[in-house]
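One chain, chain A, appears in both complexes that follow, with chain B as partner in the first and chain C in the second.
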Partner chain A sequence: MTVRSAVYDQVKTIAEEQKKSLPPLTDELRLLESGLDSLCIAVLIANLDDELKISPFDADDVEIPVTLGDLVRIYEHAATTVA
Partner chain B sequence: MLRCREIREDDVDALVDLLTRGFASGRDYWTRALGRLRDHPTPRGLPKYGYVLDDDGALVGVLLLIFTDLRVTGESRIRCNMSSWYVDPDYRSYGPLLALRAIRHKEATFFNTSPAPHTWPILDKQGFVPFATGRTIAIPVLSLSPRGARVQAFQLDVRPGQDLNQAEIDVLRHHANYGCLSLICEVDGERHPFVFGVDRRYWLMPVAHLVYCRNLREFVHLAGPLGRFLARRGCIVVKFNSNGPTRGIVGRHYPGGPKYRKGGDQIRPGDVAYSEQAMFGY
Partner chain C sequence: MPQQPSPDRRSLASLTLAAPQGRSISDDRNNVALNDLRGGSCFAGVSLDHFRGRSILLATAAQLPTVLAAIELDGVARRILLCTPDLAPHLSDVVAGAEVDVVVSDQPDPHLASLGRLLINVYSSVVSKGLPEIVRDVETEWVLFTSGTTGRPKMVAHSLTSLSGPLDDGVAVASGAVWSTFYDIRRYGGLQILLRALIGGGSMVLSNPLETVSDFLARLAAVGITHISGTPSHWRRALMSPLAGAITPAYVRLSGEVADQAILDRLHSRYPAASIAHAFASTEAGVGFDVRDGLAGFPASFLPHPNNNPAIEMRIEENTLRIRSSRTAKGYLGGELPASGGFIDTADIVMQHGDRYYFMGRKEGVINVGGQKVYPEEVEAVINRHPDVQIARVWPRKNPITGAVVAADLVLRLQPADSFEVIRADLLKTCRQTMAPYKVPATWRQVDKIEMTVSGKVQRA
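Let's turn to the complex of A and B:
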């Protein structure tokens, strides 16, 4: 499973669990307009950290993802750094 | 670019604006609060104020952190009160990232004494657990006094001894400086430290919050003399965090409003020293 598919799958799963309706998922989708609230984001990050075994938001002065594509990129970058 | 970063000294003015926007307290309150953090002996290498969300130079979210090195039987124990967590509505979904940044400091035990209800599930997801499930409202003046017990306000000339160590004296001194009532109850030749914050927001009478005691058993044992000391200063009611009814004291436990902790050490009900309420006031 790629980082990208892990992120997309988690977003869909969490939206379903939290009963949120999502617009079509694209890299350009802005997280603030995705329908995910703060609890969803907390669950998303916690689940991704567990699944991918990396914690990119532990870093100093970390960039905040604005779009779904940013989130994928941040995890991909962290995965590369760990490897 | 939107970033989550540590608060810097030059953020203070903008931070006061953000906090005033986010909470009911006014600018004076937040200016004093940030001044207290500036003067607080934050352990080396840990954030002095906390973290902000910074959107191209505009502060849009904040989580204040109070890191303290408590000496427990000579050992260093870092704990951190998470306070004043606010994110502007347009950025609210990013709130959890602030807490996530804080709890990466694995050496600390984190506690949050006033989490807003909408943050409870987020804290739960981030691994926090309740250390108190409610609070007790007590009337200690109705308790009996052990024979010969005497209560005095903390004085700067107090010296450490076998019954009262330097770390406890530091807690008393710091909290007296914050405006709390730092007290020493002496009985049977031994001194026992207590700190109360006085909340004057209530219309009828001030309420004393138990900020620090060694353990609730000690507070219950000495509730009578402490209650009389507080009553002479207008405080009949004492409030403290609890997990159920407390035997030996006249009072009632009210469930609800859980307080959360995460990390290695327990946070004891009856010890919220160096928390936002104690340091910033009510």
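Let's turn to the complex of A and C:
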């Protein structure tokens, strides 16, 4: 499974668990307009850290993701660095 | 000619040894008959005049020698400090801050020798006999150390009166009672039990942290323990032992941490004949009250006077419990207690639901999830109700969006009915039904054990 599909799947899982409805997922989708509140996004990141076994946000210089694509790139970048 | 003891001051020795027959203090290696303490000493060839009017650091490895020394020195020394082994790194500061004259130890210890004070050895048995009765008329200050999680431990000054003052906890203390505690008796919760045993006419069985829980329970079973105390963490661990059923106490007491409904129910089902009480006490505030109805929290009618006891007054300010009583400490050595109008701020958060107050946790332990407060204990109380959960620890997991999210570590019971995945799904469902979304743990981990602090509480980072 790619990092991208892991992120997309996790967004769907969180939305389902928290009973939020999602618009079609694209890289351009702004996270705060995705229907997920900040708590959902916080949980999303905790789950992705566990699933992908990387914690990109532990570094101080990582920017807060604005779009879903940003989130994917942050994890992809961290995965490459670890590998 | 020996002076007669002052009738005004009742020393621990006179209170303890009024009726010593058939009573004892024991640990895993020694058993001391109280009868032998009359005219006896656990100091070999050392006159108690070495201690008169002086400040004494009791720094023994085992608890028993400290108990014996405290009985001998109360009323003789100006100050005794009850020091637990974990304080070793702080002893230089303690010696200076408490103006220690004499250090008492039970084993050769170069570190204690290096403190530059008179070092006197004490034994776990009566080694000198036939001694004349001595005067014990000094109002000895008893110093306990707080189990602070960070920084230097604070020295809390009590008197024998504030430590053992009249208690209204409904416990019938028949002579012949055999008391014990999972606590180290050099901590406030343990010292309460020791003093109840000594002054109330009972015997005392001491714990040893190097002993397994099962060995300790076997020892308690062998002596027919009747009254026993510990923190909820101590009890959760004890209930995991196959020997938990070997003891049949008449009285079970919890203190030191929030007693949630799950642990109260489990103790009741394990010890159906026992009277089960949870107590609120702190080293600084002293004993506040006992709750005996088997329910978590305490009745709203406990404010302002718990159990209608006029000697204790409580109020709630900024959500924390404040206590004023005759059992409150005199102060810190070199500092004031955090009190206003005589009321000590316990820093324990309480919230009212219906006609009862519930403990939510410690003020400093709060988890901040995007500005919303979560008390670990309130989430743990929900998780601990699950039949397959032995003990839970809730902690803040760092998060870039909300600062932290709630995380939960679980120790499952032996042979749980379900897999961890099923249990986690169950717990998630329960949590979502009963609490706000930000309180629901985002992360769940199964762990082998949850560390306990030296004072018997869940270790929190």
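What we mean here is this: the second predicted complex is superposed on the first by the 83 of 83 C-alpha atoms of A that agree within 3 Å, B and C clash if a C-alpha of one lies under 4 Å from a C-alpha of the other, contacts with A are read in each partner's own complex, and residues count from 1 in each chain.
Convention: a residue touches a chain if its C-beta (ideal position, glycine included) is under 8 Å from a C-beta of that chain, and two chains touch if they have at least 3 such contacts.
The structure presented is a predicted model; accordingly, all values stated were derived computationally and were not measured.
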Would you check which partner chain A:54 touches, where first means chain B only, second means chain C only, and both and neither mean what they say?
neither
Which of chain B and chain C A:15 touches, first, second, both or neither
neither
Which of the two partners, first being chain B and second being chain C, lies in contact with A:42: first, second, both, or neither?
both
May I ask you to decide whether A:3 touches chain B, chain C, both, or neither, giving the answer as first, second, both or neither?
neither
Looking only at chain A, is it chain B or chain C that touches more of its residues?
B
Of the two partner chains, chain B (first) and chain C (second), which one does A:78 touch, if any: first, second, both, or neither?
neither
Go through the superposed model and pick first if A:62 touches only chain B, second if only chain C, both, or neither.
both
Need the overlap of the two footprints on chain A, from chain B and from chain C, as residue ranges.
38-39, 41-43, 45-46, 57-58, 62, 64
Please give the residue numbers of chain B that touch chain A in the complex, ascending.
1-6, 53, 87, 90-97, 99-101, 104, 118, 121-122, 125-126
Which of the residues in chain A come into contact with chain B in the complex?
31-32, 36-43, 45-46, 55, 57-58, 60-64, 66
Residues of chain A defined as touching chain C within the complex:
18, 38-39, 41-43, 45-47, 50, 57-58, 62, 64
Using the touch rule from the top, collect the residues of chain C that touch chain A in their complex.
369-370, 397-402, 405, 407, 437-438, 442-443
